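For clarity, chains are labelled A, B, C and D in written order, and residue numbers in each chain start from 1.
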């Protein structure tokens, strides 16, 4: 399966859609899962954009702390579509924390979790995940957990905690890919952060001049999505025959060079 | 030059000293710089341990938020030895934020900075760095900045801010290596985090069972340094002839397999 | 009933025990409830100190973020004694979040809650309180909620949220008494913070020179409990005949002048 | 002198202007200083509103973390008018941290400071204040410091740190008045927080239903300024003949009952 990190803005979306055919040819993923929390102009997601991803063959969408930036997504999250928000958010918040998608006879559980350090989540990720996995038991062959968190301590600990119990734990949120992808001893593919899909030439998505100005002046600076140097960042995980086991995890870090005519289109 | 990420505890120290000869042969670094903020049992550094690093041929030591965990280091930091703590700490705090080391006729400025997000630093990194670079002007051929910070936004922004003005900006503190090492367009080698040197089998240095227990129970758990799976993580930066320019940055992620007799020694 | 704010260290304990007889005479409280999270040298509580409070006629003890500083209290918290830790902590953490004490035929429910802003609590105070109150329904005539929280927004909001549903919401944790004690329109006595019982001559309990040095130098400073100017801070709440209704709340801010021989004793 | 706490929104402004004549008659203050960081619809201040305060006889305006919410104030802050933002903000940020106002031959220095705990301020309050006081030396007879901070530890410590060196240290920011007003042993009038001027029937200014909904649902809730139960909160400080000495500090907590016709006007 292919998991793609936080898609940022229109450039991120174009990068994803532009590179997806090639990635499908090269890696032949059964499933494609995408973190979409930044797709709507850098913050949040709309029904239209979610539909566009699903229409492009994305099997499931995960989210994070920017889930509810666009209020119009709230109803969509409860519509049964394969889109998940952190499972350890409050039960009263729109949406659900896991879903099951099926392809070629394989059932994949997709789980979204939020860290509790530096982020606001109503329940504790390390407890909620046990509940979610108990619910998925018997209904899935493999499970992919997108752990949307800031602190590396939480992320690494979650990898160890779930090692052997899920097929993959992939971190998101920092928008910077880590160099620690590996299959842990218990058979779980792990990476602390897959990075983002969008402008590598900015500061985690924002125009670099604006990010620097904010840090140097402490004044309110209007943040716009950078348009520089689009890259797709993700991981390809090869699941084993045995449930909840991975054979390999491979990092995908690839620039997107739009064809000249494409550049002017969006 | 070789920069090695946060050396954690006795295992980290043995890993560094065990692998250093081989790394010197392979990369022939003119300078070796090491972040030592976690070398004393996981937190802080002592004069004895600092001396041990310098005696082993380390040219300069950088630190971070754990600088003052061991009070006995305070005087040492003011002794003129090539050890630096974040430059944007208060001027009244022991130690200095930059130093110059010379080898083979090349003068290297080593600067330590602390992030301001989620970390306590008395002054603003993005302003202090200008002061430090002005002071170093004319006294150095190359500059290495160790930016000890949590938030990726600060780190990436610092890379862009200093691009073309220093030879390298290397991030530390998260203990997880990132996969974004590159020479930026202005000629500055950059990586968001070089990772740590020590037990990859723990949770950023701590025994994994203890880290998980803390996150699952919210109780005070005594943290001990893990002894599992020692790795050295660092980067090798090849400086250009022109000052403040890098030609290449290469990530070093290498396990350490101590010789059997060595294992029982420490 | 009399509620006394965070008792800090030995001086706080002596102040409480020294003034309690006089306060009993003056206010004739049916119940005395005390926040004891700082009684053991400024941080935490021990079984011995809890027993001493109960032996002195304290009806119930509430706690807060320092609940587990002393591991020896853990078993005590589960022993059925009238001592409560925040109800919105994890169910696996030692202790319980509410208890019922009875005197003169009146049943008082005592509830402890932790804020979620700037403090770590496994569950959301504003949801957990509904569960707790449902459990207490029919078992109590009056309820006192000690909301141990930092942010005034949470505290004031909790007062309004519970107005008419409990007899009193009293805030603790900041160690500074607020001047907003009143009976809200729905009949609930409210105060944002009752303050602390102990050395008013320090900085929320700590020797003032040490607190200032820490803030001025950013260095690790050993904190000791101040011994200057002991005060008792609390509130007297007069409950109405009708359950969950208060008639009045009156602030108690009183210095303690130990008798000369007493001063040398502890 | 009369110091009035954070004036919140239009209701806060009307409350201040409505009660000011009576307070002038009762207390005959030489100076009136007002914290105006929330006067523009709850967040920030505009030149028009600042001018309105000054026209009403306010001698100086202090601010806080919401200083720059309205960009149109930036130029005004540099115009020499008696309006100050935290002195420990960056020197590049618009405005200045202290000013001197004179009346009846008495020169009053007004200083604004921001806390460093939970708030972003480019420099350390406990160091910057020494610089500011050195600059004011010889130019003022009395000094009023508005310390805009969240943590009680910082506030109480600042009171002790400045005791005897300034006439008054008054805390703001929490919007809840504290019950610890007193003249410290060195002669400095102190209070941890003077509270706010505006709707006591909300949650520190916001409509209570909205504040509760935000805390219970974790969803984005649009915050509007409450219109319930307007109060003015402040302190009256009587300065001594000797410079930098106060004789008394008295809390002012007073509801505003607008005349019927006035109610419909704004």
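Please note the rule applied: contacts are C-beta pairs under 8 Å (C-beta built on N, C-alpha and C of every residue); 3 or more make two chains touch, one makes a residue touch a chain.
Only a predicted model underlies this, so the values are computations on that prediction, with no experimental measurement involved.
Considering the contact criterion stated above, the chains in touch with chain C and with chain D alike are A, B. Centre-to-centre separation of chain A and chain D, using mean CA positions: 45 Å. Taking each chain's centre as the mean of its C-alpha atoms, chain A lies 30 Å from chain B. Counting only residues that touch two or more partner chains, chain B has 90, 122, 124, 127, 218.
The touch graph of the protein chains shown is complete. On the chain D side of its complex with chain C, the touching residues are 116, 118, 124-127, 150-157, 160-161, 174-180, 192-193, 195, 203-204, 206, 208, 211-212, 215-216, 218, 251, 253. The residues of chain B lying in touch with chain D in their complex are 90, 122-124, 127. Those residues of chain A that touch chain D in the shared complex are 68-69, 71, 89-90, 92-93, 120, 122, 217-220.
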